[in-house]
Amino acid sequence: MSGTCSSRHRPLRSLFRSRRILDRARSFPRWAPRQGQVHHDPVPGARVRRCGLFRQRDVEKIVSLSPDLVIAGGAGFTSADAIAKLRDVKIPVLVVSTPSIEGIYKDIELVGTAVGAADQATAITTKMRADMQAIATAAQAESAKAATKPRVFYDVGYIDTSGQIYGPAEGSFLAEMLGLLGVDVITGDKVTYEIPIEKLIERDPQVIILGVNAFYHPTPEIIAKRPGWKALTAVKTGDIRSVNDTEITRPGPRLAIGMYNLAHAMYPDLQLPPVS
Amino acid sequence: MTARSIPHEVRRTGFANRFRGRTTVIALVGIAILGVLMVVGVTVGSTQIGPFDTLAVILHRLTGLNLGRTWSDATDTIVWDLRLPRVLTAAVVGAALAIAGATFQGIVRNPLADPYVLGTSSGAALGAAIGILLPVSFAALQLGIVNILAFIGAIAAALLVFQVGGGGRAGGMTRLLLTGYAVGSILAAFLTMAMYVSGTNLRTIFTFLLGGLGGASWDRLLVAAPIILAACAAIAVRARSLDGLLLGDAAARHFGIDVRRERGILLVLASMATAAAVAITGLIGFVGLVVPHVVRLLVGAPARRVLPISAIAGAILLVSADLVARMLGDLPVGVVMAMLGAPFFLVLLYQARSGYEL
Amino acid sequence: MTSLVTPLGSPLATPILSAEGVTVEFGGRRIVDDVSFNVAPGERLALVGPNGAGKSTLLRTLTGVLEPRSGLVRLRGVPIRTVDDRTVARAIAVVPELTQLPFAMPVHEVVALGRLPHDPPLSGLREEDREAVASAMDRVGVADLSDRDARGLSMGERQLVFVAIALAQTAPILVLDEPTAHLDIRHQVEVMQLLADLNEADGRAVVAVLHDLALAANFFPRVVVMNGGRIVADGPPEQTLDAGHIRSVFGVDPSLVRLPVMTA
């Protein structure tokens, strides 16, 4: 994260370089409607302009839209070249990158400061913190009732041709969220977020939470047929729960909604405090 | 008449038996090594499983016999559903690529040929990419639509190259090779385009290109292995034709070999073996090119010896490479193979520089 | 070695190889024009002529590789196109062109390729095959090269080895297309003497296309001269390679080409 921006009074045109960042922009009502978005997350009321493909940015197109500020996703989502080029033409670029939940809060506040809506940002993060805490407390109380923490695996993705399995990366906010629910989280590699099948069998999840989205939506039957997966307790008992991954895997202001969905999937009978 | 003779008897025992007996010994030793490696391959993995448990699981699954040992469900699944098909796939694919490589080298009479000279690698990769990018259901993916399309892509590329490159026409080997190169390039260009627009699927396509045995399963093996075994057996039976081509098309014709037909058949068979292999493991290089040469250094050039020994050697190489790759934390098998095999090959070449003898 | 064919001169000996009115065309041009001639069993003849006379084409037609536009080629009286390739290969052994091998092979394995028409089983060479290979290498005189890499041979050695390949085929007819093309005089003579020996001692029919008229005259009792796709002379070299033919067919002053008289 770098760069400071003075607030401006006229509407800002800001371009978002990944869908995750867009979530934050949504919450600032002062936004001018021009936004560039790359992926499939229709946000009501936003006018979308394509500025590139996943991981590739059409720098020229961005420049032609004359943004006042570009907010870019870090952690390799945006190439350093593209950022450098934009800065070369004097377009300020704010790079945000979030390894942890606390980091997400800080990012939102940073974006808020950058666009001159710091107060709104703080209001958002305060509410988020409260919501998250409430859900975590309720979930942990529920989890404490059981003798041992259930072993849970969140299925992020799977490649049939190579048998590669993707789960929550160790130290990621997703792993953190699951941890806050009071479960024994099975994580994938810190960098590649892969987990080898033999390791998964060793860890033996009792519950599999399937993060479903437009691209990845296998059925529990399909999961049961994956080579080696039938040794997992969760597959044997059929405890495979689907949840929409939209708010869960995006580090933005809707994270609390994601946490709610996750908690609901994990403890369906539990009464959870509402989140807007 | 020049008088350069040595008594018949001495000469005959000298050359006649030398290679023949040696080949059988090498074959038996090779099979033994392969057996050991396969057992080790099934025993080793990220989960600790002892060799006795491993064998007990396999024995139980095959014969129902339970020799009083007990093992967990997880062990059973890991050994039988994961490691065993993986090791068997490595053996079958290694053998397929080695035989296909030896066959192509014989057909085009070029020691630098490998199983992919007819553009099969690009065809398979493009087929796989299309399969990955198609909006198909996950059930279709699990059934192996990517593998099927990879197979079709490989065969289609080979047929295209064969047709455009002049078929089995006498004397057209250079043209065939160049056509293979050109068609391969075109397909690779399409593949690059597919990768460019692939978005989140880039990883999947790239994994296929790297080649690996992680996706091995009984389903895939039981479909590909019969194709491979049938094709390799059919090639082995035609070893004579392969030898006949050694001195060129005209000489082959004069030896009574129907050059056009035999060459066409051999190309199709070798392409099928390659396509089936590549369809289940992605692009694995090195084996098809180098193994036949190593084998020739051991048993000479005649195809009737080179083909079966290449199969064994190819299997050994890929099983070992996969084993090492797994032990080193799941590296891509192609990388391990090149690092294992290339120095060994260089040493052999160095020692053999004065001729074919070791 | 037992003679492979019926003795020469027998009134019942059908020509082992014969061409009847053979015409071969390529792209509208007549390369071989209405050629008829016979090869008797155990005969030795040289086929000569200027470049483009159609010698090689005629040879390839005689060995069954090319189909004539019209006319017939017979092998032992039977039309060659009705005979399967393998049987033809067991009757006619063509010395291969001097190509380079793609892989290293010892000479004895290269010569063993000559056994292919005899269908050696996949398990390896039979006793009879190894015998044939050994004796072929013996006859040709390359037995001491047996274990050497064929790729490392000199031109002369390689030519001899290739003759050995054809010999190992143990066929009654031996065909050669310019076998002395790249050889020095010593090796040329060696090959010619070998051919004479194979013919006289074994009774093999030998048909050789030669460009060297001196060799043809010296070593072949019958020289067939071709020009423009036709046979213009056929008989002993004194007749066929006389001054008149040399001038008319080859277009050179006969006094420049001093041919030795063949010793009886």
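To keep things simple, chains are lettered A, B and C as they appear, and every chain counts its residues starting from 1.
One rule holds in what follows: contacts are C-beta pairs under 8 Å (C-beta built on N, C-alpha and C of every residue); 3 or more make two chains touch, one makes a residue touch a chain.
Computed from a predicted structure; not experimentally measured.
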Exercise. Can you name the chain whose C-alpha mean lies closest to the mean of all the C-alpha atoms?
Worked result: B
For this session: Could you compare the number of C-beta pairs in contact for A-B with that for B-C and name the larger?
Result: B-C
For this session: Report back the single chain whose CA centre is most distant from the CA centre of chain A.
Result: C
Seminar exercise, completed: Chain centres from averaged Cα atoms put chain A and chain C apart, in whole Å, by 82
For this session: Return the distance between the CA-based centres of chain B and chain C, expressed in whole Å.
Result: 42
Seminar exercise, completed: The residues of chain C that touch chain B in their complex are 63, 65, 84-90, 92-94, 96-97, 99, 101-106, 108-110, 112-114, 116-117, 119-120, 122-125, 130, 134, 138, 141-144, 146-149, 152, 165, 169, 190, 193-194, 197
Exercise. What part of chain B is in contact with chain C in the complex they form?
Worked result: 1-6, 8, 11-12, 14-16, 19-20, 105-106, 109-111, 236-237, 239-240, 243-244, 246-248, 250-251, 253-258, 296, 300-302, 304, 355-356
Exercise. How about chain A: which of its residues touch chain B in the complex?
Worked result: 53-55, 159-164, 196-199, 201-202, 204, 215, 217-219, 222, 225-228, 230-231
Exercise. For the complex, which residues does chain B have touching chain A?
Worked result: 45-47, 73-74, 76-78, 81-82, 85, 128, 132, 138-139, 141-142, 144, 146-147, 197, 199-200, 203-204, 207-208, 212, 214-218, 282, 330
